[in-house]
Structure formats: structure tokens, C-alpha cells
Amino acid sequence: MGYDSTVKKMETHIKLLTKVKLRKPVLVEGLPGIGNVGRVAAGYLINELKMKKFAELYSPHFLPLVLLQNDSIAGLLKCEFYYHKGKTKDLIILTGDTQSVTPEGHYEISHAILNFATKLGVKEIITLGGFAEGQQVENPRVIGAVNDKKLLKKYQKFGIDFGKEHPIGTIVGASGLMIGIGKLHGIDGLCLMGETLGMPLLTDPKAADSVLHVLVKILNIKVDMQKLEKTIGEMEQRIEQTDKIHKKVLSDMSKGQKSEDIRYIG
Amino acid sequence: MGYDSTVKKMETHIKLLTKVKLRKPVLVEGLPGIGNVGRVAAGYLINELKMKKFAELYSPHFLPLVLLQNDSIAGLLKCEFYYHKGKTKDLIILTGDTQSVTPEGHYEISHAILNFATKLGVKEIITLGGFAEGQQVENPRVIGAVNDKKLLKKYQKFGIDFGKEHPIGTIVGASGLMIGIGKLHGIDGLCLMGETLGMPLLTDPKAADSVLHVLVKILNIKVDMQKLEKTIGEMEQRIEQTDKIHKKVLSDMSKGQKSEDIRYIG
Amino acid sequence: MGYDSTVKKMETHIKLLTKVKLRKPVLVEGLPGIGNVGRVAAGYLINELKMKKFAELYSPHFLPLVLLQNDSIAGLLKCEFYYHKGKTKDLIILTGDTQSVTPEGHYEISHAILNFATKLGVKEIITLGGFAEGQQVENPRVIGAVNDKKLLKKYQKFGIDFGKEHPIGTIVGASGLMIGIGKLHGIDGLCLMGETLGMPLLTDPKAADSVLHVLVKILNIKVDMQKLEKTIGEMEQRIEQTDKIHKKVLSDMSKGQKSEDIRYIG
Amino acid sequence: MGYDSTVKKMETHIKLLTKVKLRKPVLVEGLPGIGNVGRVAAGYLINELKMKKFAELYSPHFLPLVLLQNDSIAGLLKCEFYYHKGKTKDLIILTGDTQSVTPEGHYEISHAILNFATKLGVKEIITLGGFAEGQQVENPRVIGAVNDKKLLKKYQKFGIDFGKEHPIGTIVGASGLMIGIGKLHGIDGLCLMGETLGMPLLTDPKAADSVLHVLVKILNIKVDMQKLEKTIGEMEQRIEQTDKIHKKVLSDMSKGQKSEDIRYIG
């Protein structure tokens, strides 16, 4: 008898639900963060374009819990990949319930996504987030960052603020790491951040709307922009549920548990 | 001379004590948690059915200490697997001293258990826990969650509350992760949570009793339910000992050390 | 160009300085802990028996710093293995600067030591520690714990308190884990704990003296016990230096950073 | 379908930008720390000697964020290797944005650097840091530590204080670990620490100047020492940006999050 052989660990992994073949796919990331800007914008596009889910990501770096859907159906925290066939190029959207709760996990998960994206032929990534302005903003700007100087020209016509007058010095979490690691993979990366009040988990439709307007122009797709508030209403239950979780994570962070700058998380 | 080759790490592993061959085994998990509901219910069944231990689980994600039994016999913290031969299908019960002290450890341990269960032919898992109501409950409900919608029908006749009026949004720890990861393994999962006051480590016999009544009906086994209080009395020393440990773990968690929702841990 | 292959990680490893061949070696562990009982007792035996160092253990789970010796010679934190050729059986003593700062590290390091001990033919381990009584003790008892019931008889004649009247429920750290993991390796394990006031890092010569008296009887060796205080004086600089470090570690623990019971650490 | 194979983790790795062949290279480390002494001194030499970058180090043990350069160009946190061809021996300088945020990461990163250095033929390492005196210092001493006694003689003529009257007992972080691990690799190691007030992240040009004066004598290179303040001015933006990050890391540490002695970090 004695010892059994050690069981393989659960690692961050991506479960493919459907094999897809995509043309020049652009990957857009919208995960929970400041003002839920990225997540709400991503969710809206998925709804409007009736995008299909084709893969899920699981990780031991998420909180160790399950969420209850419709009050009784339990599921692991996960991220989800959706796709949409475009006229000249296809679209992948990554959204999900959560981000990593450990620094190492952030790198591991972003790296796993980049590996997967590379296999799918992705050459361009756009990450979405909010930028906490600290005060009410009437007409939220969309602030941008790229992972290569040459991209400034490519994106200059879309009304993105790449200027020096904004105070962003760092981008924390997936929105930052995905374009940072993307550069090492030779993938072009753009991060779009909508100005928002910055209460970490107060969903901000205005900021999401600003970001969406820029995004659809870049992607050159047609989307009815009138239904955002309605869609946010429909996403409410799921958002509230995970917001409660993230509030704890963010509050832990702000106690200095994780050395992250809350202000720019996205 | 020079360096020795690096020694293999101690990983989460399961030590098989006896080879067993089981027919359609159902795995029931009852580890320490809110009100000790799961652990006490599991311990009672093990006693009443005179179940035999056949495997032990050790993990570096447990607290780094040994417990002293009968005051002088030291042993590592561990989880234990017991089995019982039933008429038509067999029963496995997983109980133990502790749960993981790290988020990643929770995933690793639940994953290891699921791998082991799969090898034993398990197709159905029932996890037991407490649900902290925050106030004294006269007749504790048994609240349920499943890992697949189709299971709601299967379990509807057992008096489990799958309704929307209860406030559970997440299930933290092994009770949640085992059914969440179980879904990825194609294993049916049910979590039964007994309503309890919710003082984290105050053993609640009433809640355990409620859960047990539902459980024996599902398992279709006959168990004398009169001796629960007596059995809890016998388990007292071991429970007290590990409670002291868990109190520290839970208190650390509530300080935001681990980003877990204490309320639903089980 | 592109990426270099990833460099191998630094793992817990043991560096062999001299190949030794030992007869029925007994391994005695005395690492820093409550009252420095184990460390001081180990250091005294090493001095008195003029034992020779033959191996060193390094680990990424120690604090990330170097100690300065004689004020200018820097060295990594490490544990050290010494040996002594006895008449009928040989002796190995493990002592060192520190213990792990992470829970997983405690398991990893104890596991590494056990693997090494097994290769050296060790079948018996004695770990040394302090037990914090919380008050001044005139004649400190030596409290014992074993990893197998059958050992109680073997050690009963040495004046060790295996009784039920002492309040020890857990043994935290290497002293506990080494006998706990030892059991899984089929190695007999005894832990000797000297009663002490329990100021974590106030060296307690009296408790060390009590433990030493029991230990030399068990090992059946002759050691002049008169020079303990003098030896402690000589060890002072190194002890003070690492005490300063451990004070921070222990203080972090007591803030709930590590979920360990300070009281019994050894 | 089912599971994809798990994606390879992102590990600490070094990306080679240019293949270089170096003669008897000396590796000088200057990473962020107390008074930014090492980083500023390293940056000055890189500027004055017009050194060329040939490799970059990335690690999941850095903070999970990207820095924005010129306000819009995002890049991962990284360390950088520069080289300079000397008359009789070549020089490598390692500098960067940050150090590890976890204890294990400190070991892993220092180990990765040592492995890389060994492949490049490095036999001598000099690490630079600040030593927090706790008060204003008029003429900052340069305090030294070596990883082998024999080196005291080699470095005795350079005005380094190896005496016993200074209160340094430990060196935390890369400056310490690199010479500590270097010893295991058979590499000579010297750590130079400039006395500074010790406000963790207040750049101290005077201390950097003292360290630089000693360093150029050891390296036997000619460098115009007049432009230090000017160069610091030019490095300001980058330093400020990462200082903000490190302030959080250090503040977390000082809350006991990481058990490190802030006073000697370098």
C-alpha cells in the first residue's frame, strides 16, 4: 500500500466548449473592476451581437467559493470567451466573474489568456477598464494606453485621450498585464479606460457608454447603443453577487493585503 | 559533493490504507465549518454505520502543526475517507480535522478529492454544511444547492429548500468547491446546508439533525437518530481541539486575511 | 534570441558537505522557538561532543535576507546537520538560524529533512522545544509527545511527562511536523518540550537544562552539564541576531498573519 | 472536447535581447531600495558609460501592473541588464523598476540572476544599497559586507567600513540574497551600503555619491562624477512612479505583511 502517487494539481486552465476558426480575431477584455466599466461594456456587446460562448477559464487563484445562480445552481467562478464573426475580421470577448486574488495569479491568468489568444491567431488586444477620477464627471473621457509607440498613430482618430494631462501612472490587473505580456508575445495592445467617480464597485453606465462608443468605432461594428441601461439592469443580479465578493477583495487590498493600487484597477 | 538533487516537495496526497471495491458509491463530505454541521453529521453516520476508514488525505495547505491525541500521541492534520457497503449502492464519507488555510489550497484539495472519487467510480457527491442565519432558529431548514439544473427534480421530494427566499449567494470552501469542480468531472453534486445561529465554531446539534434527516432519506439508509447528542459528546475532545485552531483561522479570515465570506463557509 | 528557457527555481535543498556513513543514527532537532529551548540544547551538545557539520539546508521559505557574521561576512539563513560517532549508534543534530515563514514552507522543509534522514538510515527522531507555561516555573517539567502509542513504553523510564494534566493540544512548526511526517515514513518520533515562561524569544537556560538531562539519558551519552550557561553566553550574538528576525515573524503571526498557535511553537 | 491541456505558467525568466561575449565580467546590482542608493548609482554609471541593454528579467513575483511611460506607453515591471566593454574586464549592471513582493520571489529572482550571471562567466558580484542611519549624515560612510572572509583583504584599500562599530546585522532583499546565493555558486560577493537618513524612498544623492566613489575605484574605471544630481533629475519621473508603488510595498511590509526588516532593504 503506502503512498498513492500524488494527484495532479488544479492549475489555471481553459476549457474549450466549441472549436472555432476565426479570421484575424481581435480580443477585447472586460473583467470586473473600477465602476465595472469593462465588464458592463463587454456584457453589452455580447448581448447586442448575440455572441456565442466557446471557452471558459478556471483558476485556483480565484476565491475558493461557488456562486449560486437562480438561487440554487452552483458554479465555480470563471471567465468566459465569446466570439462573433465579422465582415473582415472576427471578434473575441473575454469577460467573467472575477480576477485573481493573488499577485502571482494575475500574471498566471493573463499569461494563460495570451497563450490561448496566440493559438487563436489574435494579433490585437483591447482591454477595457475604469479610471477613478475621484469626483463626479459630466462627460467622461476615454483615456488610452498602448503597448507600443507605433500604435498611437493607429488609434489617434478615435477620440482617445493619450495626452500627458491625465494622472494615470499604472494600470493594475488584467487590463494592464494583458497588454504588457501581450507585447512579449508580439501582440498589439490598447487599454481603454473610462473616467468614473471611482467608488470601486458602483457600476457606472456613463463611463461604460463612453468606452463603448470608442470601441465600436475601432472595431468598425454597428451596435444599437440605446439599450445599455436596460442591459445593465438585466446583468444586475450577477453583478451584485460578484460585487459583494470583490468588495471584500478590494477592501482587503486597501488594507494593504495585496500591494495593488486600487485606483486604477481594471 | 556540491548540491544534492532537490528533494521532491510534499504535495497534497491521499494515502490508501485498504483497497476497496465499491458499487455506485455516493461520496458525502462533512468537514469542519459553520456550526460544525457537516462534520458532526458525517461523524454520526460513521459511528452508526460502523464505517471503516480506507484512506487519508494530507496537505501542506493545512496548518503546520500536529494534534495531540490522548494528550501524548501526535498526528498530522488530515482528512479521512470511510466506506459502507449498502444494499444497492455503497457510501463513502469524507470527514477530517480541517480545511485548507490558503485559497489555492482549497482548490488543490477539492481537486485531489474529486480525482480520487472519480477513480473509485463516484458519480454523485453530497456536501454538508451550515448556513449562518444570524439568529436562533427553532426549526432549522435544510437549504440546498446543486451543480446542475436537472438535479433539482431528482432531489425535490426530500424537503430541501431550493427556493429563492433564502439569502445564500455563495458557498465557501470544500462544500462549494467540491460540487463546483465535480461539475467539470461530470459528477452530480448536491450541497445541503442546515440553518444555524452561525457562531462559527459553536457545534449546533439541531442543524446537524435536520441535515441528517434529509441525508438518510436521500441515501435510503436506516439510522437510529436518537444518539446524536451522545455522539457529539464523544466527539467533543477532538472537536474542541480543532475548533481552537479553526477559531484562529476564521478570525484571521474575518480580519480580511483570506478573502472569504465567513458566513457561508462549510 | 527571443525568450531564454525559464531558469530552474530555487527549491528547498540540502547541500552535502561531507559524505558520512552512520550506524543506526538518531536525529535530534533543535531549531529556534519558544525560549530557544531546542536550539540552545542542540547547540550545547554540538559543542560538548565536538560534533562535525556535514550538511546544510537552504530554503526560499526562509526570510529573504542574509545575516552578517563578525559584522562583515554575509551568509544565507540556513539549517545545519552535525554528526557524532557513538559507541553503538551515531547521533545527528539538526539546528539552524530559523524556521519557515510560510505554512507550506514548514511542510516542505520538514519533508525535505525526513527524506534526507531516511537516506541516512535514521529510524528514530527526537525533536526539542519549549512549552510556554505562561508563568515562572521553578522546576521545569519535560513534557513529551510521541508519534506512535508503542513508544510510550520505550520512553517511560526517562522522567518525561506524558500525562493528561498538561494543557498541550498542538505542537506547531518543525518539532511537531517532523514527528508527524516521520510517522508516514515509518520513523519513530519523540518530542521533548521544556516548560518555560514563554516569552517567545527569551532564552531559557533552565528549560534547556531540563530537556538536556532527559535527552542525554535517552541517547545514553556522557556530557558535562556544567557549562550550559557559558555556552549560551557564547551563542548569544548569533541568537540575538536571529531572535530579532524571529521576533518580527512571531509578532506577525500573533497579528494573525500566520494562523499558528504561538504558544507551542518549537 | 473536454479540457485543454494546462497552459505553461509564467515563471521568472530572462529575455536575451542581444548575444554578448564578455571577458571576466563583474556584475553590479543596483535595484530600488532605501534612499534609492543602488538604483541611482547604477543608473548614473549606465548613463556615463553609455552602456547597452542586452537582457530583461520578468517575474510573476512583481506587482501585477504595468507602468505608463510618456504617459501612454505601457510596459511590464522589469529588471534590465546592461554591459560595458572594459580594458581588462567587462562590466554588467543590473538595475530595474522593482524587487519581488513575496519572500519566495526574492529567492527565485536572485537565483535566476545568479544562474544567468554564471552562464555569462561572472565570478564577482557587487551589490549596492542604502543603510538607514535614522538621522541626517554629513559624510556618509560606505559600509561593506562580503560573502567570504578572504575578500576582506581584496577590498580593504577602498575605504569601505568593514568594522564592528556599525549596527548592520542583516541585509534584506536582492543586495543580500545575491551575495548569499552567489557564495553557493562559487562567486565572490561584495555589498556596498551608503549611509542615508533612511526615509525609505527619498532619493539620497549624497549616499549614492559615496557608494559610486568606492565603486569606480574597485572597478578601476574613469567616470565624471559631477553630473550625478543632473542625472538623478532626469531619472526623476521613472523613480517617482515606481517609488509610489514601492511606498505601498514597504508600507505593507512595515505593517508586518512581509516579515522583512525595512531598515536594511536594498
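Letters A, B, C and D mark the chains in the order given here, with residues in each chain numbered from 1 onward.
Methods note: a contact is a pair of C-beta atoms (placed from the backbone, for glycine too) under 8 Å apart; a residue touches a chain by one contact, two chains touch by 3 or more.
Note that the structure is predicted; figures quoted are calculated from it, not measured.
Peer 1: Can you list every chain in contact with both subunit A and subunit B?
Peer 2: Touching subunit A and subunit B alike: no chains returned.
Peer 1: Over half shared or under half: which fits the residue numbers at the contact of copies subunit C and subunit D, same or different?
Peer 2: Comparing the two copies, subunit C and subunit D contact each other through largely different residue numbers, since under half are shared.
Peer 1: For subunit A and subunit C, what's the span in angstrom between their mean Cα positions?
Peer 2: 49
Peer 1: Starting from the mean Cα coordinates of subunit B and subunit C, work out the distance between those two points in Å.
Peer 2: Taking the average C-alpha coordinate of subunit B and of subunit C, the gap between them is 34 Å.
Peer 1: Give me the residue numbers in subunit B that touch at least two other chains, ranges are fine.
Peer 2: 3, 15, 184, 257
Peer 1: When you check every pair of chains, which ones turn out to touch?
Peer 2: All chain pairs meeting the touch criterion are A-B, A-D, B-C, C-D.
Peer 1: Spell out the part of subunit A that touches subunit B in their complex, as residue ranges.
Peer 2: For subunit A paired with subunit B, touching residues are 1-10, 15, 58, 60-68, 70-76, 101-102, 241, 244-245, 248-249, 251-252, 255, 257.
Peer 1: So in the complex, which bits of subunit A are touching subunit D?
Peer 2: 11-19, 100, 103-104, 106-108, 110-112, 115-116, 144-149, 152, 162-164, 166, 168-173, 176-177, 179-181, 183-184, 189, 191, 256-257, 259-261, 264
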